[in-house]
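Next up: the structures, one after another.
In what follows, chain A forms one complex with chain B and a second complex with chain C.
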Partner chain A sequence: MPKTLKRKELRFGLEMIGIYLGYTAIFWGYPFLWMLVLTFSRWNFVGKIRFVGLENFQRIFFDSTFWRIFLNTLNFLAYLIPMTLVTSLLYALALGKVRYLRSFVVFGFLVANVSSGVAYSIMFSNLFASNGPVNRIVYALFGTTIPWFSHPQLAVFSICLMITWKFVGYYGLIIYAGLQAIPQSVIEAAKIEGADNKTIFTRIVLPLLNPSLVTVSILVTTLTFGIFTEPYMITGGGPMQRTLTPLIYMYDTAFRRINPSYATVVALVTALISFGLVMLIRRLFEKEVSFE
Partner chain B sequence: MRKLFVYIILISTVLSAFATKLLFWVAPNALQEAFWKSIVAEYKNVRPDVEIAVEVIPAAASSEEAILTALAAGRAPDFSENIFIGFAAQLADIGAISSFDEFGQDFWKLIEARNMKRIIESWKINGKYYVFPIYSNPMLFWWRGDLLKELGYDRPPRTYSEIYGISKKFTIPNERYGAQIIAGRNWWDRWFDFIMYYYASSNGKQYIDTARRRAVYNDDHGVKVATFIYEMFKNNYTAVDLGSNPFYMGKILGKVTGPWEINWALETFPKVMEHVWVSPPPVPDDFPKDAPIYTFADTKGLVIYSHSKNKKAVFEFISWVFSRVESDKKWIEITRMPPAREDLGTNPAFEEYMKDKFFKAYAQAVGYAVPPAPIDKTIDVQMTMTNHLIEPLMYLKSDVKSAIDKSIREVNKILF
Partner chain C sequence: MKKAKIIDFGINLLMIVLAFIWIYPYLWLLLSSFKPVDEIFTRFLPTRITFEHYKFIFVTSERLERPFVRALFNSVFISVSVTTLVILTSCLIGYALSRIDFKGARITSSFILFQMLFPGFMFLIPLFVLMRTLGLLDSYMAVIFPSAMSAWGIFMFSQSFKTIPQDYIDAAKIDGANRLWVIFRVLLPLSRTTASIVGLFTFIGIWDNFLWPLMVIKNPNRMPLAVLLAVFNHQYAGYIGPVLAGAVLQTIPMLIIFWILRDYFIKGIAFTLK
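Then we have the complex of A and B:
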């Protein structure tokens, strides 16, 4: 290959990847370096940065609010993983039975996924208010009302209900794709062998859905660490700090307590915990699936 | 003629080249923006050599966040409004704002001209004045006069016992309650419940000793207020969740609110508003009968940022605006919020606005409305008050004394 052509190709290649490299350097590299600087320093948005070594990391170990939030996140996960898995699975199974207007049903469920968090938070808080429509029905039937957002444990559950409503359409599609990937021949073979519907579902469909179910579990886990709008709008982190989430704490620490350095450490430790949990889920539940 | 035109262009070009340029951030509120734009346009005639660019505080989750981000990026304005005292204390702590004491006697002349000597005293941060308060929204109770009349009352309740009395008559658990006593569970809600009741009971005494950095609400007043909250929940006279718009739906007899709700309520619930009685916050039974009742002031002001190279020009502008009573009249006309001055009820210039019963009630309370404690840890302190004082009382998880003692200990840990 002539030298000039080689040089031309090299230049073209560099130009092509240059855009990506530049983008990565500005929007990923720079914030990452800045994050590292912040974690080992004290800064208050104004003035000079002061190096404080591991002080911010030491503080987080004795920060009772942070560990309260960690427990809250586990509490959210304890509701969200089963709720989203069961509802998404039911949705996917139901979608498989829909003969007409399937795209319309899919679209209807996905609308929740793209709707504004602030808007639906206001809608749900009115729906579940003590004199809202849901409680009026409950009161008419049972003579009592349910403290959806004012009881510590029920508030967590109610927020999980909202999140499940928002994501069931999206996660349901992931599971639906998993269901479609299961070859009919496997099901038919099981039927010939005399397996009933329950056996086919528990012994064949569910195990073969493992990749989809694990994917949804991982997505829910990462989503849980990022809950912000619903508790911020409805409960303000209460009652008894039970709906306080890592993101609310980071936001308050950075912009209300004027301590971006500690907020960065909270973000970093939260990300590490989230990553650890995702790896644990994969190790415990991920199975290699083959349709052969 | 052509020569004159050329001269005018030349002079204005030279003037604008040498003009003092100021950047002013105003609250993200259409009414306040309209007020400041019109004031700045007037000022241009007085001082053509000063160019003030009025910009709304950029969109963010809060004004505080936008200002901090701008400070970090070096894009902060010369001065801004919409600053509450807690945020001012934080900004002063990091050296981001400069104190008005720098302007010496000129500052005090302005304070005198605007009749705000007593008001400005509660804005002192570490012995200095960093904020020029613009408006003061006293928090007052609204009562359903129509429902109270049905119960046989011809005036709003004044003391805790009177509230227990009306609540006992009106309450049907799970259906309707006496009053909304707790504003919510967010940190800022403490301004509108415990702190407000504490100011009312103690004649405006601060709940934090800022010099010693100690919480001091574990006194007789604090105990009385906490007992009132506890009794209301214990007797089912109020509830943790009262639903949406309970006041207008007739689910409660009374609630606390600020003047910002007047216009909205008049438009949305005009029939209810015809029968609304406005009163100061409730006080303990032994509170002197004719003494004025203090309340909490949701109040905001102006600050000048330390990095500004034209602090004098900024102060001259502020001075020009607020030494003229016309500016405050215009403020009322546009925003319907009471300016932070003590003569609203006595100055004939404001007489015409006093015909509105709601504005009158709020304006008369301005002189007795106290802002929050000027501390840099407002959020943590009030979150702790929520977790260790208000919630244990609401959920009846603790007795009054234990809740107060525990919250005092936790708040002091933060302040230490």
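Then we have the complex of A and C:
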């Protein structure tokens, strides 16, 4: 390439990077600095910012609502991780057997994934309403109705049911892609050695699926820490604060209790816990997998 | 062997039934928005079809300061703007990072990966403060600006541009094409899959975005559909028919985009594995 052309390319590259860094400085760097300022101060959106050192962090340590929310998040995870892993694994295994109406099955499940948070919350809160269609079927079959969103533990479970409905088709395909990557020759070899189906599944298929199973677990974990729309629309955080999530608390603290500093600390600590948990999952479950 | 085949067929049948159950909520929602009120909870198929719920959200709610038509256009405007901006900027910056070899590109690439580690919700409150300082609250800009460039989009495009042979670019240049022509007429069409995935996920993400517009937009005339629908649902939850019709309105554009780009969606899932 001639020298002038090369210099022109370089100039263009620098310009583009300049645009990106300029944008990032405004919409990422500046908020980042503000986040640090807010966490160490007290402020109510107007007036002077007062520096208070670590007071906000001390407060969160003794904030019983925050720890209630932490337990709620563990509660959500305790349902969501097994529910999504098992259903999407079963989905992926079954998809291998589907010959007829295959794209109907794939898109039937996947279309749930493109539901809008607000719209599907409205949809399910009415479907599962105390006198809604689902309870009518339950009543006809068992002579009783289920308090889907008004019982503390059931409300958590119902929201997890909605999220599972939404994500099986998506996570299932991730695991299906993992299944496809397992070479048939490995399984054939095990069969010749006399291994039965159960041994093949637990000793070969599951360990080789490790990367996709860990991927799904991490996706579910980060998603759980970000739950907002479903409880905001359906339960408002209740009953008994059981569906209160970090983001609802952040929103309420900032805009109802007008305390943006503490709201930012809530967001920051939540992000740190989420990050730590993802690291823990990686450390504990992630294995190097090779197909040789 | 025969037994295994019957089991496989049984599983196939079960999956078809389950797929119906998965679609059932959508069908129920769609049918219910056309049912008379007293049939919404009691019947699956309506005895007669009514448009009163749609009439309510398109005409009556206008007078209640809940302008659904306006909100639908707001959502379309915001989502289309953001998607266009993201694809445009991701292409240009992705080109700089992948096809021009200099130190700045390498440093910026690793910085982008670092940026992607931080969850968006960490910055919501400080970003709100920024929007307030800039006087952008209650404007479309407050929703569009913070999403106009995407670290993930740039990353995806630069990965894709890297795989395109230099010969294609040289050939175009010999024919007298300038740089922008190369980027938008040669590289972009060759990266159709990446462009579709970035476009699809960006569009759906912005259309579905709720918490951020809820924070920055209080004026009903500027609200995207998701926020207006939520506000309407809080105030008029008793009007089940119109609420469900609003939910249909919010869902349909996403389904259309999904249907157009469905094959890319599946390819996109393969990408998440890497």
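Keep this in mind: the second predicted complex is superposed on the first by the 272 of 292 C-alpha atoms of A that agree within 3 Å, B and C clash if a C-alpha of one lies under 4 Å from a C-alpha of the other, contacts with A are read in each partner's own complex, and residues count from 1 in each chain.
In this text, a residue touches a chain if its C-beta (ideal position, glycine included) is under 8 Å from a C-beta of that chain, and two chains touch if they have at least 3 such contacts.
As the structure is a computational prediction, the values presented were derived from the model and not from experiment.
Look at chain A after the overlay: chain B and chain C clash there. Shared-chain residue A:G169: touches chain C; no touch with chain B.
Comparing chain C and chain B on the residues of chain A they touch gives the larger count to C. Look at A:A177: by the touch rule set out above, it reaches chain C but stays clear of chain B. In the superposed model, A:N126 lies in contact with both chain B and chain C. Contact with neither chain B nor chain C is seen for A:I159 once the two complexes are overlaid on the shared chain.
After overlaying the two complexes on the shared chain, residue contacts for A:Y251 are found with chain B and with chain C alike.
By the touch criterion defined above, A:Y30 lies against chain C but remains apart from chain B after alignment on the C-alpha atoms of chain A. Legend: residue contacts after superposition of the two complexes on their common chain; A:M83 is shown touching neither chain B nor chain C.
After overlaying the two complexes on the shared chain, residue contacts for A:P147 are found with chain B alone; chain C is out of touch.
Mapped onto the common chain A, chain C and chain B collide along 217-225, the only clashing stretch among 37-45, 217-225 or 253-261. Shared contact residues of chain A, touching chain B in one structure and chain C in the other: 45, 126, 129, 131-132, 251, 255, 260. Put simply, chain C touches chain A in their complex at residues 8, 11-12, 14-16, 18-20, 22-23, 25-26, 28-29, 32, 40-42, 44, 89, 92-93, 95-97, 100, 102, 104-105, 108, 115, 117-119, 121-130, 132, 145-146, 148-149, 154, 179, 204, 207-208, 210-211, 214-215, 226-227, 229-230, 233, 240, 243-244, 246-248, 250-251, 254-255, 257-258, 262, 265-266, 269-270, 272-273.
Residues of chain A that touch chain C in their complex: 9-10, 12-17, 19-21, 23-24, 26-28, 30-35, 38, 45, 94-95, 97-101, 104-112, 114-120, 122-124, 126-127, 129, 131-133, 136, 165, 168-170, 173-174, 177-178, 211-212, 215, 222, 225-226, 228-229, 232-233, 246-247, 250-251, 254-255, 260, 263-264, 267-268, 270-271, 274-275. Interface residues of chain A facing chain B in the complex, by the touch rule stated above, are 44-47, 125-126, 129-132, 135, 139, 143-145, 147-150, 235-241, 251-252, 255-258, 260. Those residues of chain B that touch chain A in the complex are listed here as 61-62, 64-65, 68-69, 71-72, 90, 94-96, 174, 184-187, 189, 239-244, 246, 249, 251, 377, 379-380, 386-387, 391, 395.
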